[in-house]
């Protein structure tokens, strides 16, 4: 019987090596896999390239991973927000690199990697500095930019319900980039609020089919970034 | 209040003009919108280009539309099957054109149209006659073929549940190409087995969000192609 | 004497121009207020790019769900008939031209429809673009909402943007505290003045030629 | 005396080479039979390209659902833990390299791993390709199942395919009624003979050089 369940978050992230490219699900606080991120801080892998829409908030989760000096490069669309202090500081000090990608292009580049398509044309960024140096081409009288797929070695994902085959559902807007990242990473590691038996998820309601998932670990009472920040918490 | 409900299949397809490009959901018999197709036969639009994975079976549904002389070109991946007689006959008589597209490329070209991306690279068909005359290019040491988006004027879709906003769910493998076609057509016309109130479909379970749907008509006891064929039926 | 429209009045004016049944994406700031001024008898469906169609107003404390946010990372609600989806589907709606109207704030908007609203080009700032470049390229109509001038009195409606562009030739209409102005092939053209505002005042505060309304002399 | 494997034995032999936990797509014909011979202690999850992962065996008449078919348009069932999805997601699984094994029938398979299984190139035939070209490009391992020769005795394992290709250099292993044969950088290499079959017989019936098993003299 196939069983992708992993007993602890520590074991789930144990093999992530220095230099890995890691996708992290979530959009701001919603869908951020805080427990997996903190396990990665405990684990200590360095020189990581992290792909996320943002760069974390406060001094927990992704921001704490950056603060701990483990991330050498961020690929994201919106690296600053009202609660984002760690990344801007590191960036201005030259301690971290930034690859800025428009949000829709980021999503589609990740999907393209999961779907086996190395490149596609998009109208986004045409005529802007973000299109500079990129191939451009006209189709039917309109100009488009060539964008490449974006792969990762690992994805760290938070979901609502998972079964031992790795079928997943998400909660509301915590879905965001996560189903795409599951497709695009060589190894997809998922923390789930609820681990259910095989067959408990209606096949019509599965959002991420298990084929895209490698490890599932139950975190039944996940902390939430916004709550941790409101409480003034930091990690470690 | 937004209300996309249309009282009859006849009214739903009334404005499809001669020469239109029409996507038809379904894979073989499953998901085929027979009532909408028969309404289109009654309506009589001619010189249509039809996009479907197949070419219909027996002498009902899509096969009947072809038999009625309304289709000048089919874009599909698999135009013959054990129950497919009309298309092969018309094709051999030179009465209908065929654009043969591999199934995954067909799906992705339709999605690309819906997602606003005019072209993408895929490994499918490299080294085969279906890649002849197409642009090819190497990425990371592997060769890919450039494929273009595929749009339509109309999509005829069958679903399981719809609300007045056009949110849809499907039944099992009757889903197939339909969610993609809803995205890629200028006007998407849906027949639903069950029309429910706004709010009755769980927002987590919506497969096609209403933004992709223009008209919804309830067909509560749809006929099924396999049953009609077993009964030796033909239309009209 | 106070002249022109305040933030709420600008938002209400924008709402008048959105047809019934439109799918709408609202940016942060004044654009968010548009949702409070839907004209009688119309319904708009709100899209937020982080994966929700059918976004509703902010929740009460009891309603609040930590997993239900908008693109500005504020807590929101979902209306009956809403749908959740992932980011690729969400930006397919945007890029694929399925949204009818996007209302955005801006730093500058030019007479040729160019918009610059993501960066002031300062070299030591952290650049952040989010979904702005996707929205301006994909949504059928881009409405820009802005104060007519900066706090220091510089025009925000300009001949050519000096800040880094978000998109080229994409804006169709501008709503400021002073006026509603169309972007036409001939540049800025006045549609309507706010109460107590004169054409000459708007013209003086606009950094490019402003044509009078169509049909006027 | 009957020698070699029958259809079921070929299918059973293929199943031996599929690791536990594999995601598998089975073509029409002998490949379908593989599902009946899953070795003790292993579990395979079956994908059908029309939108189902976790496909189960054919239904009883009572179980039959007209909306639950496989890619060959036969009625099937769904196992506990199954998932439905649309065609773009289904072919993302294929093209994106997420499936482990695809078992396909063929017209010809060449010593360089080329496969021709979609068309005999007859000009008056209706061409039909389906998902074959996607599968051979995308799935990690392509296993081909075939009778060693045609009904008229022509070899189906050839130096170069003469029929229109489905894919170039994609096949890793061939299972015939006579033998299991690997495609190596040096061409066909015998892995295993069916009972009662000799190397020389297989060699004679193969339309290209057949090398003996690795390690043999």
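By letter and in written order, the chains are A, B, C and D; residue numbering begins at 1 in each of them.
One rule holds in what follows: contacts are C-beta pairs under 8 Å (C-beta built on N, C-alpha and C of every residue); 3 or more make two chains touch, one makes a residue touch a chain.
Bear in mind the structure is a predicted one, so any value in this text is a computation, not a measurement.
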Centroid-based (C-alpha) most distant chain relative to chain D: C
Chain pair with more C-beta contacts, A-C versus A-D: A-C
Cα-centroid distance, chain A relative to chain B, in whole angstrom: 34
Whole-Å gap separating chain A and chain C, where each centre is the average of the chain's CA atoms: 29
Intercentroid distance (Cα basis), chain D paired with chain C, Å: 55
Residues of chain A touching at least two other chains: 108, 111, 115-117, 122-123, 170-172, 203-204
Touching two or more other chains - residues of chain D: 52, 78, 84-85, 88, 91, 94-95, 138
Pairwise touch network: line, ring, star, complete, or other: other
Set of all touching chain pairs, with the criterion as stated earlier: A-B, A-C, A-D, B-C, B-D
In the complex, chain D residues that touch chain A: 20-21, 23, 43, 45, 47, 52-54, 78, 80-85, 88-89, 91-99, 138
Contact footprint of chain D on chain B as seen in their complex: 27-31, 53, 77-81, 87-88, 91-92, 98, 100-108, 110-111, 122-130, 170-180, 207, 224, 226-227
Chain A contact footprint on chain B (complex, rising order): 108, 112, 115-123, 139-140, 142, 144, 148, 169-172, 203-205
Touch list for chain C against partner chain A, complex: 48-52, 65-71, 73, 78, 84-88, 90-91, 94-95, 114, 124, 126-134, 137-138, 164-168
Residue numbers on chain B that touch chain C, as the complex places them: 1-2, 111, 113-117, 163-165, 167, 183, 198-199, 201, 203-204, 206, 209-212
